[in-house]
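So that you can tell them apart, the chains are marked A, B, C and D in the order they are listed, and the count of residues begins at 1 in each.
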Amino acid sequence: MSAEMAIAVAILLPALGALLVALLGQSPNLRDCAMLSVATATFIVVCTLYPEVASGGRPTLHLLEVLPGLDLAFQIEPLGMLFSLVASGLWILTSLYAIGYMRGHHEENQTRFFAFFAVAISAALAAAFSGNMLTLFFSYEVLTLSTYPLVTHHRTPEALRAGRIYMGILLSTSIGLLLLGVLLTYHVAGTLSFIQGGILAGHATPLMTGILLFLYAYGTGKAALMPIHRWLPNAMVAPTPVSALLHAVAVVKTGVFTIVKVVVYIFGIDHLSSTGFHIYLAYIAGGTIVLSSLVAMQQDNLKARLAYSTISQLSYIVLGAALANAHGILGAGLHIAMHAFGKITLFFCAGAIMVALHKTEISDMRGIGRQMPFTMAAFIIGSLSIIGVPPLGGSWSKWYLALGAADTSHLLLVGVLMLSSLLNIAYLLPIPARAFFSKATSDDGHHGEGIHEAPLFCLIPLCLTALGCVLLFFFTDPIYQLLAPIVQP
Amino acid sequence: MSDALGLYNYWIAIFLMMVGFYNVIASGNLVKKLIGLSIFQTSVFLLYITMGKVKDGTAPILGDGYDTFSNPLPHVLILTAIVVGIATTAVGLALVIRIQEHFGTIEEDELIAQEDSP
Amino acid sequence: MIHVVDMTLLAFLAIVAIAVTRMTNLFATSVLTGVYSLLMACIFTVLDAVDVAFTEAAVGAGISTVLFLATLSLTTQREKPQRSPNWKALCVALLTGGALVYGTFDMPHFGDPQAPVHQHVGPHYIGVSPTQIGVPNMVTSVLASYRGYDTLGETAVIFTACMAVLLLLQHEKRRDEQSTVEEKPDKEAMAHAMILRVQSKFFIPLILLFGLYVQFHGDFGPGGGFQAGVIFAAGIILYSLVNGLDKARQIIPPNVLHGLVAFGLLLYAGTGLASLFMDGNFLQYRALAEEATHGEHIGILLIELGVGITVATVMTSMFFSFSGRRRS
Amino acid sequence: MSSHLPIVPIVLPMIAAPLCSLLRRPALIWPLTTGVGWLVFAACAALLMQVVESGPIVYTMANWDAPIGIEYRIDLLNAYILVLVSGIAAVVLLYAPQSAASELPQDRHHLFCAAFLLCLTGLLGITITGDAFNVYVFLEISSLASYALISVSRDPRALKAAYKYLIMGTIGATFILIAVGLMYMMTGTLNMADLAQRVKMVEDTRTILMAFAFLSIGIMLKIALFPMHAWLPNAYSYAPSLVTAFIAATSTKVSLYVFLRFVFTIFGAEYAFDTLGFNDVLLPLALLGIVVASAVAIYQTDLKRLLAYSSVAQIGYIVLGISMGTVTGLTAGLAHMFNHALMKGALFLAVGCIVLRLHSSRLEDMAGLGKRMPITSFAFVLGGLGLIGVPLTAGFISKWYLLLGTLELGWWPVTVLLLISSLLAVAYVWRFVEVAYFQPPPAEASSDEAPLSMQIPLWMLLATTLYFGLQTDVTAGLAQRAALWLLGGGQ
C-alpha cells in the first residue's frame, strides 16, 4: 500500500466503520466485533506509515485545490504521526472498554454512540494528518460537530445544557477567533501550508505575529486555556468512554496539537521567539496550570476533578509550545503521548468504579481499594505518571518542559512547573490513599467485602494503559528521535 | 422667469407624483392605495411626454405642411408603460377582492389587528 | 397659447389630485381618477402625443375606472376616515419630491429643440422611418418595428396580468353552483332599462366598427392594436353591463376567450419567429417579403392584430372575472 | 440557427406560457414546462460557454442596430446570471409537479405553469437585454407573475403578502422608470452601452445625480436590502413552497444583477464610489441587514420565515461585497449571489418536502423529524452548513473572499462583525437541528419520506453546492473575471 493510499485509508476507515456500525445496529455482538476490527485495522494502517516518517519522509496526499493557495491536503510529519498513533492505538483499548462499560451500565442508543465515536476518530486522524491550516480547521470543526451527539448522549436537560455550552464555546471561539487567525495568516503570508520553519517569517510584523498567536491560542477552544475552559467540565456528562478517549485524548489533544503545530509550522520557533509575545502566552498557560489545579482540589466528583486536571495538563503542552524553543516543543510533543496514557487510565478507572460500585463522588470512595485492587493500582500508576514520578512516562515530558522553561530567562515558569507538580500530588494521590487506607463507611456495605471488580472488558484496557505508562518511560527514545527533526532549524 | 416657465411642467408632474406617492404610503384602504399608485404612475408618464415635446412641433405623423415633429420615442415608451400600469392595477384589484373575501375587510389596520389576534 | 392651455390643464390636474387625496368616498375617488386620466389625455394631446392620449383616455378613464368600480361593488364604498395627515408619509413624499425638483434644475427646458432627446436617437426615427418602414405614423414604426421587442414584452405583460387575475379570481368549478346561475335572472343586468337597451343596440356596433378602424388605421393616424383592443373590449363590456354577464358569456364562451388571449401573444411571437425562418433576426419583418417595406407592412399588420386580440380578450376576461365574483 | 441562440431563453418560455394556458391538462403541461425549463437551461449554458470562449455576444432585435433598436448584449456577468436563473428554474420544475399537486388548487395548474414560465421569461429578459427601458418591461413581467405565484398559496395570508409585495414592488419599478426617464432626458438614448458613454458627459448634473439616487432606491426595494425588506418575509413564508424556492433563489439575484449593471457598467464605479461615495451608504445598510436580520431569524418559529430573514441577511453579505468596490469584494459578492441562490434554493426545496408531509412549516411541528424524514432533515442540515459557511460547502468560498476583502481594506470591525454573524447563522440553523434531532417525535408520527421526484431535485441542488465548495473555477473563477471586468480591468 502506498503512503498516499494509507493516509486515505486511515482517515476513511473509521468513517466507514461508523457506517458499518450503523448498519449492524440490530445485532450488538456483530456490531462490536466490527468496531473492534475496524479500530485494529486503522491502527495497523497508521503504523505502516511510521517507518517512512521516522526515516524523515513526509508522505503527502493532495486532494484538491479549493482556491488558489488554498487546498485540501494531508501531509504526515512527526507530530501528527505521534498524535495519530496515540489516538488510533488508544481507540482499540477504548472500544474494548466501551463495550464493557456501555453494557455494564445498560446505556441506550449504543449504536448511535459507537457510530459518532468512529466519526470523531476519523476527524481526529484527519486533523493529525492535515497538511495545511485549512484542512486542520475543517477537521477541527467536524470533530466538534461529531462529538456533540456524544456529549448529549443521555438527552437529559442537564446533558442538553452541557451540550449547548460545549457547542457554544467551541464553535464561537473557532469561528470568531480561529477562522479570523487563519484568514489573517492567509492574508499576510498568501498560503496556509505547514512548512518547516514557519510561513510568517518575513511577512508578519511582530505585532501581527502577537495578535495571531493569541487568535490561535484562544481560537483553539479545545485547548481549554482559561478562561474558555468551561466546556470541558461540562462535557463530563457524557458516558465515561467519551470522557476517556475524547476529552482526555482525541478532542483536547487536537486542540493542543493545533497550537503546537501552528507554533512550529506557521509561526516558526525562531520567528515567534524573536517577537517576544510568546512569553505572555506562556504565562497565561502557567496561570491556567496553577489555577485549574487549585480548582481540581476542590472537586468532589471524580470525573470533574479529572477534568480540571486535564485542563491543567493541557496547559503544560501550550506552555511548551509557547516557550518556542527546542526543549519546550519536544516536551510538549512528548506530553501529548504521556498525558494521554496517564489520563485515559484515570478515566477508565473512574468509569470502572462507576460501573462496579456506582460511585461518582470521591468522598464515597473510602476503602474501595479492597474491592477493586487492580483498578486502584492502575489509578496509582496513572496518577504518578501525571505527577511526573520516574519510572513513569510523565517524568520525561515534564523534564523537557522544565528544561525548556529554564532555557528562557523566565525562571518563574520553572517555579510554576514545580508548584504544579506538588498540586498534582495534592489532588490525585488522596484518592487512592482514601481507597486503600480508609475504612469503608458502613452504610454502603451492600456490595459485600470481597473483590468486586468491573467487567473484564473494562478492567483489561485500564491495566494495559497503566502498563503503557510504565513502558513509555523506558521506550521514550523512539518518540524523541521521531520528534527531534521538527525542532531542527 | 424663463426657468420657471421652462420647468413648470416638470414641477407639476413632480407634484402630482408626490400626491400619488403620498396616497400609496399614507392611505390605509387597499383600494385607495391602488388609486394612489395609478396616479403616481400616470404622473410619471407626464414626465416622459413632456420631454418629448419640441417647440412648434406637431404630432409625429407624417403629413403635408409639417416638418417639425415631437420625439416619438417617449410616446412609444409611455404606451408600453400605460399597459404595465393597467396590468398592475388589475392584479392589485384582484388581490383586493380576494382579501375582502377572506378577511372581510380591506383596511390595513384591521387586517394587521386580525394577524395579531388569530 | 399652448403654454396657457397647458398650464390651465395642469392646474386642473393638481386640483383633482388633491381632491382624490381628501375624499373618503371611494366611488367618487374612482370616478375622479377617471377624470384625472381624461385631463391627462388632454395634456398629452397638447404635447403632441396623440397615440398616448388615445390610450390613456381608453385605459385610464375607461377600463381602469370600470375595474375600480367593479372592485368597489364587491368590497366597500367608503374609506375609513383618517383624522390627521400621515406625517411620516408626507415627509417621505416631500423628500422624494424635493429631490426630484432639485434634479430638474439641470434639465433641458420644456420644448427646447437642443435637448439631448431631440439630438440623438429621436431624429433618426423622424428622419428615416417613413422611408425605412413606410408608415406615416412614426409612433407605430417605432412601436412595432424599431422597438417591437418592447411591445412584445408589453403584450406579455398584459398576458401575465390576465393569468394572474384568472389565478386569483377564476371560480372553482362546482356542480351545484352552475345550475343556480343558469336559472337565476341576472339582477345586476340593466336590460329592463329601455333607453339603455335601445341606445346600446345602436352604439355597440358602432364601437366595434370603430375598434376595427383604429386597429387597421394605426399605420396612418393615431391608433393601433392596443387602442383598438381596449375599444373592442369596451364594446363587449358595455354589452354585458346592459344585458348581464351571463348573456355576454354565452356570446363569448370563456374557452374561446382564453384561447384568443393566448392566440394573440402566440401570433406576435410567431411573426417574430417567422422572420427567423426567412433568414432574418427575430422580429425582422423586412425579411418576410421581397421588398423591405412590404415585409414591414405585413409584419406590423400581424403583430398589431396580435396585440389587438390579446388586449381585447384580456380586458374582457378581466372584466368577466371581476364582475363574475359575487359579493359574499 | 446557432446565431439565434440568444433569443431562445426568452422566446421559448414566452411561447410555452400561452400554450400551457391552452392545453390545460396537467398531464400535458408539466412535461412541457419542465422540458422548456431544461431547454432554456441548456441554451443559457451554451451561451455562457460561448461568452467564455469568444467574448461578448450581441444580438440585435429585428436587425436594427442599437441604439435605434433593442439589442441583447451578453457578457460574462449576465451569462453567469442567466445560467444561474435557468438552472434553478430547471431543477425546481422537476420538483414542481408533486409539490404543486399538494399545495395548489387542482383546476389552476395550467395558469400556474403559465405564470411560472412568464416569471422565468421576465427574469431572463431583464438579465439578457442591453436596453434600459426593456429592463423595466421585463421587470414587470416577472413581478406580475411572481405576485400571482405567491398569492396562489392555500394560506390566505399569502394574499396580503402578495399585495404588499405588489405595492412595494411597483413603487420600486416606478422609481426605476423615473430614473430611466431622467437618464434618457439627459442623454437621448436608452441603450446601455450608449448610455455608459453619454452619461459621462453629463455626470456632474443634478439630474443625473437624481437618476442615480432613484435608480438605487428603486432597485434596493426590489433587492429587499435592509431596511427595505418589509415585503420579503411574508411573501416567502406564505407562498407555495416551490414558488418560494424559485423566487428566493432567483428574483433578488436578478435585481442585484440590475444593480451591478447600472452602477458599474453605466455609471461606472468611479462615479458611484469615488465621486458620490455611494459605498458609504451601502456599507452600513449591508451590515445592519446582516446583523439585524440574522438576529431576527433566530427568534422565528416558522422555518420558512426563518429562512426568509436569513435571506435578508445573506443579501446583506452580497451588498457588502459590492460596497467594497475592490476586485476581491466584488468577486465575493458575485460568488455569493451564485452560491446563496443554490443553497437557499436547496433549503426551501427541503422545506417543501417537509411541508408536503407535515402540512406545516412551524418548527414546533418538526419534533423528531430526523427520525421521521431522515434524508430530508439531513439535506436541510447540509444546506444550513452552507449558510453558515462551513468549509467544503459553497458558502465557505464566498465568505472566505468576503473576509479577505475586508482584511485587504483593513476593515477590522467588519471582519469581526462578519464572524459574529456566522455565529448567528449557526444559532438559527441549530434551532432546526435541535428540534429535529433532539426532541422525540410525537407518538403517532410514522416515518414518511418525501417522494423521489422531490428528493432528486433537492439533492441535485445540494450536490452542486457541495461541488462548488470544492471546485471553484466556475463560481469564484468566473466571478473574479467578471469582477475585474466590472471594475474596468478588461474581460
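Points to keep in mind about this one:
Just so we're on the same page, a contact is a pair of C-beta atoms (placed from the backbone, for glycine too) under 8 Å apart; a residue touches a chain by one contact, two chains touch by 3 or more.
Remember, it's a predicted structure, so these values are computed and weren't measured experimentally.
Per-pair tallies of C-beta contacts place B-C first.
At the centre of the protein atoms shown, by the Cα-centroid criterion, sits D. For the pair chain C and chain D, the distance between mean C-alpha positions equals 31 Å. Chain A and chain B have centres, each the mean of its CA atoms, that are 71 Å apart.
Rounded to whole angstrom units, the spacing between the C-alpha centres of chain A and chain C is 76. The centroid of the Cα atoms in chain B and the matching centroid in chain C are 13 Å apart.
Touching two or more other chains at once is no residue of chain A. Contact of a single residue of chain B with at least two other chains is seen at positions 17, 21, 51, 73-74, 77, 80, 84, 87-88, 91, 95-96, 98. Shown for chain C are the residues that touch two or more other chains, namely 100, 104-105, 107-108, 115, 117-118, 121-122, 125, 147, 150, 153-154, 157, 160-161, 164, 168. Listed by label, the pairs of touching chains are A-D, B-C, B-D, C-D. Residues 17, 21, 24, 30, 33, 37, 40-41, 44, 47-48, 51, 73-74, 77, 80-81, 84, 87-88, 91-92, 95-96, 98-99, 102-103, 111, 115 of chain B touch chain D in their complex. Within the complex formed with chain B, the residues of chain D that make contact are 133, 136-137, 140, 144, 147-148, 151, 156-157, 159-160, 162-163, 166-167, 170-171, 174, 177-178, 181, 184-185, 190. Per the touch definition, chain C reaches chain B in the complex via residues 3, 6-7, 10-11, 13-14, 17-18, 20-21, 26, 29-30, 33, 36-37, 40, 43-44, 47-52, 55-56, 59-60, 63-64, 67-68, 70-72, 74-76, 79-80, 82, 85-86, 88-90, 92-94, 96-97, 100-101, 104-105, 107-113, 115, 117-118, 121-122, 125-126, 130, 136-139, 141-143, 147, 150-151, 153-154, 157-158, 160-161, 164-165, 168-169, 220-222, 226, 311, 318, 321-322, 325, 328. Residues 390-392, 397, 400, 403-404, 407-408, 415-416, 419-420, 422-423, 426, 430, 437-438, 469-472, 476 of chain D are the ones that touch chain A when the two sit in their complex.
Listed in rising order, the residues of chain A touching chain D in the complex are 64, 66-67, 70, 72, 134, 137-138, 141, 149, 152, 155, 160, 167, 171-172, 175-176, 179-180, 183-184, 186-187.
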